[in-house]
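After this come two complexes, each holding chain A, first together with chain B and then together with chain C.
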Partner chain A sequence: MLAEIINSNFNRYASGAEKDLFFETRKQAFEAFETMGFPTQKNEEWKYTNIKGVTAGSFEMSDERPAHAKTIFEKSVLNEIKANQLIFVNGIFYPDLSILLEKDKSIVLTNLANARTEYSELFNRHFSKYAKTEEHSLNALNTALLNDGAFIYVPEGVKPEYPVIINHYIDSTHINVLVQPRNLMVIDKGAEITLIETYESIGFNASYTNVVSEIYVAENAHLEHYKVQQQAGESYHTNFTQMFQESNTSINQVTLTLDGKLVRNNLHFYMNGKNCNSLLYGLYIIEKQNTVDNHTRVDHAQPNCFSDEKYKGILKDQSTAIFNGKIIVHLDAQKTNAYQRNQNVLLSDEAVVNTKPQLEIFADDVKCTHGATIGQLDEEPMFYLRSRGIPENEARKMLLNAFADEIAERIKIPELVELLEKKIEEKL
Partner chain B sequence: MPEPESDIIDQVVSQDYKYGFSTNIEMEMASIGLSEETVRYISKKKNEPDWMLEWRLKAYKHWLKLDEPKWQNFEYPKINYQEIYFYAAPKEKIKLDSLDQVDPELLKTFEKLGISLLEQKRLTGVAVDAVFDSVSIATTFKDQLREKGVIFCSISEALKEHPELVKKYIGSVVPQTDNYFAALNSAVFSDGSFVYIPKGVRCPMELSTYFRINAEKTGQFERTLIIADEGSYVSYLEGCTAPMRDENQLHAAVVELVAHEKAEIKYSTVQNWYPGDKEGKGGIFNFVTKRGLCEGAFAKISWTQVETGSAITWKYPSCILKGDHSVGEFFSVAVTNNCQVADTGTKMIHLGKNTKSRIVSKGISAGKSHNTYRGLVKVNKKAIGARNHTQCDSMLIGDRSGAHTFPYIEIGNKSAQVEHEASTSKIGEDQIFYCNQRGIGTEAAIGLIVNGFCREVLNQLPMEFAVEAQKLLAVSLEGSVG
Partner chain C sequence: MLSIKNLSAEIDGKKILDGLELEIKAGEVHAIMGPNGAGKSTLSAVLAGRPEYVVTGGTVTYMGKNLLDMSPEDRACEGVFLAFQYPVEIPGVSTTNFLKTAVNQKRLYNGLEPMEATDFLKMMRQKMELVEMDKSLTGRSLNEGFSGGEKKRNEVFQMAMLEPNLAILDETDSGLDIDALRLVSNGVNKMRNTERSFVVITHYQRLLDYIIPDFVHVLYKGKIVKSGDKELAKELEVKGYDWIKNELEAAV
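Here is the complex of A and B:
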């Protein structure tokens, strides 16, 4: 049982040897997790997602440094992108494999454990300040047992030349592995950066990855953020990303879920200042008996902000997709414009979609819309293509590509688009 | 000069409830509070058969096991069920042949409400089963209906005259164990309407019941059961007004509809119970369970509701589309003002093949009120070719009001086609400006806009009711909304 494994791991931290300044934070979070426990389907937020596969499973935290990490990285498609690369295997940082191209040394690209001592002031100011542990037990779990993760700081007005890729490899070659990566990114005033978070699996045993990423975007800064999930096989992945925006900031976020037994994404935006601009796009392609659950929440806490959200899904076999988008317009957050859309194409009779686009509005001068559609591919364009001699399979592929294109065109890195296209090709 | 908007909003917010009055008629009441004894008392009082008492007791026992639901998007003071009178009937037992025999006090009440039976009889051709508190006291147009074989009477009467029908259908759509308030209703329901339309009959007139809550501290537990047999059609109207009251009153009704093959039921509601005062004190709690079952193929059930009253409106008229090719519809206007709360919507459960459903919901919130649309569209794995379109729009008047949408969409097969659209916006300033420009005052302009906003739903109401609905919309938002 996972609960026992968690207890014993926590006790390891508690038993002196690894006890450090950070222990108090761990302890509080652990206590919060103990009270809440793992989410069950009785919890409205987890109504459609059963994580029995995780809780009943047996996973181990691993300190082992796999020797083959290098070869894995070299094989990765994202390796081809000219970018700063931070490499983590099972939550452990590999500085020797990491690539730092930036000449401007004021940009901090390191791991969290290092940042805790070397950049303690920044770390203390931002760590665990945005992702709430009170309501989300898995956040608490991550905070209590976190391994390591990326720490990125972009100083005021700095615009790095290359994107930063945070590569998390989950290696379950020998054992069922439990990994809890934790990333913290601080984008200071007027800075601009492109970040890519990727999660890839190695090995055929089961794995449970529980990620928390906190991203603070200061005034006038701009962030391009991509999340790519391609953990195959028996991979369970829960992810909580909290964006915290000050005024006049803009964020373009794209989430691509391309594989995984069970993927649960929590993507939360909190607009703490005026004139924010947030774009959330997502694409999921699911097959077999896999489940993808996207929960997004946009908190319009200040006036004059804009958000646009679009999530699209293609479902094969006996797969299940869940979407819950929340737009919350707080009292006095006037002149808010918020849009949200979820579209699903079902390719199989056994696929299931549960969607819940949700609006909670407490201000009057707003324009908010949301929508959801679920269906098969349109018959008319299909007929058009077939009547011009294109075989059915080919036509379907074209139409699905067109469907996915709306999200793909939001991606500004050509290699990433290529990867996506390759994946679509493979799956369909 | 058009009035500044803030004045209009003030006016809206300060509108008083116009239909507040209380009639002094002697009441016969069950002792206060709820126990097995109360259930037995009610059943005995109504001379019910034993199976009915057993049925009630089963519901009561189940109710004891349940907790009040907590998932709703609002809070309400805890209801003390031991401080409610669960049964109240006018003391004079009246057997009616004509309206002359009705207590003149009652007739006056109806007249004040503008639903005078005399008037109705002469002009509208609507048969009215008037429920004054709990016991039906007058039924009109019975002869005409009897000719066609339509049964339209109170549940108590139906229990006496058509027990086999009641026994067969009661609880078949909303079982005693369905939810907290349905269980409560099943245990203590006092009266309500019963309609049975025989095979192939098109009901010659629109059937209507006016509910009134009258006695102090009387929880109102109505039970309505409508059965449309194969190929029949019926349109049923339900409307409510209630007098000024200081304490919260609970209303937990249950409505069950059964439509057999090729039958159609159209159920319309105009609800304008006492919403409480400006500070949100008092007002009715309207916690209702309404559900229709399209039992046979090609059956159709259509719900139309105009909700303007009640401190809290909490209901989800639903359709279970069991028969192949059956159709469910839901049209709703919910207006909230001051401190009112509405948490309403629908459930469309697609079970049969090629079933269709349509949802149109319009919410208007003003003052400090909150308006929530909560809906479920569920397409079962075997419901091949299911189709749904949902549209829910919200309009906000005043910066302290709230509008919320919680649509649940659960799709279990690929042939389903489901669309959901929702929008929320402030009342259009450019539209008001356009009207102002052409010499239409702001007040009238807002009226026009809101009327247009709701038209799609109001159009669904039968003629007789559309007038009433417009009047009630006017009362709720008068000063800014025509």
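Here is the complex of A and C:
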């Protein structure tokens, strides 16, 4: 059972750790996790997602440094992007494989473990301040037993020349692994950056990846953030991303879920200042008996903010999708504009979608819409294409590509769009 | 070219075509007229192979082959083209990509190599002139946000690109103003030749002032009840369909 494995791992960690603030944070998180335990389907937020495959499984935390990390990275499509690259395998940082292109040395691109000592002031100010541990047991679990992950700091007014790609490889070649990457990004006032988080698997044993990313966006800053999940096979992946926005900030976020046995994405935006602009787009392509669950939450806590959300899914075989989108407009958040849509195309009679767009509005001067659709590919466009000589299969592919295109066009990195197109081609 | 014998078809269990007969030779233009609900659009749908229509009897032979046995895409590749009454908007599929796929699928079907990109673009330019279509439209998603006239011009443009043997125009004149009507008709007329046949389905005689038919047929209650030349269309314009209905009832 995973719970016992976690318990013994934390005890081992606690016996050797220095009893500082970091330790206290983790100890509290561990206690919170012990109290809450793994989420079950009795929890409303997990009603349709069963993580028995995780909790009943046996996973090990590994300190092993796989020798073949280099070859894997070189094969990756994202390797071709001219970008700063941070490489992690099973949560262990590989500085020798990482690529840092920025000439401006004020930009910090490093790992969290290093940041804790070298940038302790920044670390202590932001670490575990945004992703709540008391409500989300998997956040607590990550905080208690995190491996390592990216630490990024973009100073005031700085605009890095290249994007930053955070590559997390999960290697289950020899054993079933438990990996808990933890990323912390701080974008200071007026700064602008493009971040890509990607998760890929190596090996055929099972893996459980439990990620927490905290992203703080200070006044007038802009963030492009792309999350790409392509861990394959017996990969279980839960992810919690918390964006914390100060006033006059804008974020364009795209979440691509392209593979995995079970994927749960929690993406939360908290608008802590006025005039924020938050765009959330997602695409999931699911096959076999796999499950993809997207839970998003946008907290409009301040006036005059705008959010636009669109998640689209293509489901094959006996796959299951869950979408739960919450927009919460707080009492003070007058003049809020918030939009949310979820659209699903089912390619099989046996695929299932549970979708729940949710609005909770406490202010009175707001504009909000939400909606969801589930259906098969429309027959009219299909017949139109076929009547021009395009075979049924090809026509279906064209229409699905067109369906996905609405999300793809939100991505500003051509290589990433290419990767997406290639994946769609493979899957369909 | 096309021989329809005793054709019956239904949709959702409702009989629409009821023993329809029609013979079309290469190079001929046949107009099919008739009141609402007579089965005009059903005829075009059945010929193009729309899946929701069920053929319950009769045969359709196209260039010596059983048309009803073919999938919609094979019919297109064999040279049958349907200009839709309501062209479908397909966001995310560019007109250029769509046409390139369609043209090359047809070539593949007929054992030809795909067209070179430059040849294809040249062909596009030439054919667009035929209906004076704006170049900017081909970069946009297929029919998305096109006006009624642009959509119909796009149909004739596609027809020109695919160079069919048999073109079926389903109420191509509906929703067109007089200028668009002239443009669309000119496009069709330029494509007329001794090899290519047309079935022009229309409610009104107006279109037939521009596309002069060799034959005019009146479709009523699922069958052709009267045939003639272009003068028949003019007569219908004056007398209306009631004239035919009354004539039929009198005969009974």
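Here is the rule we go by: the second predicted complex is superposed on the first by the 423 of 428 C-alpha atoms of A that agree within 3 Å, B and C clash if a C-alpha of one lies under 4 Å from a C-alpha of the other, contacts with A are read in each partner's own complex, and residues count from 1 in each chain.
One rule holds for everything that comes next: contacts are C-beta pairs under 8 Å (C-beta built on N, C-alpha and C of every residue); 3 or more make two chains touch, one makes a residue touch a chain.
In this text, all values refer to a predicted model and were calculated from it rather than measured experimentally.
With the two structures aligned on chain A, chain B fits next to chain C without clashing. Shared-chain residue A:428: touches no atom of chain B or chain C. By the touch criterion defined above, A:398 lies against chain C but remains apart from chain B after alignment on the C-alpha atoms of chain A. Chain A has more of its residues touched by B than by the other of chain B and chain C.
In the superposition on chain A, contact is made by A:376 with chain B only, not with chain C. With chain A as the common frame, chain A serves as the apex of an angle whose CA-centre rays point to chain B and chain C; its value is 70 degrees, to a multiple of 10.
Of the two partner chains, chain B is the only one that A:367 touches; chain C does not reach it. When both complexes are overlaid on chain A, the residue A:352 reaches chain B alone and has no touch with chain C.
When both complexes are overlaid on chain A, the residue A:44 reaches chain B alone and has no touch with chain C. Look at A:334: by the touch rule set out above, it reaches chain B but stays clear of chain C. After superposing the two complexes on chain A, the closest approach between C-alpha atoms of chain B and chain C comes to 13 Å.
Across the complex, chain C meets chain A through its residues 48-52, 71-73, 75-77, 81-82, 84, 87-88, 90-93, 97-98, 101-102, 105-106, 109, 141, 158, 162. Against chain C, the residues of chain A that register as touching in their complex are 379-381, 383-392, 394-395, 398-399, 401-403, 405-406. Of all residues in chain A, only 44, 48, 331-332, 334, 344, 346-376 touch chain B in the complex they form. The residues of chain B lying in touch with chain A in their complex are 71, 381, 394, 396-426.
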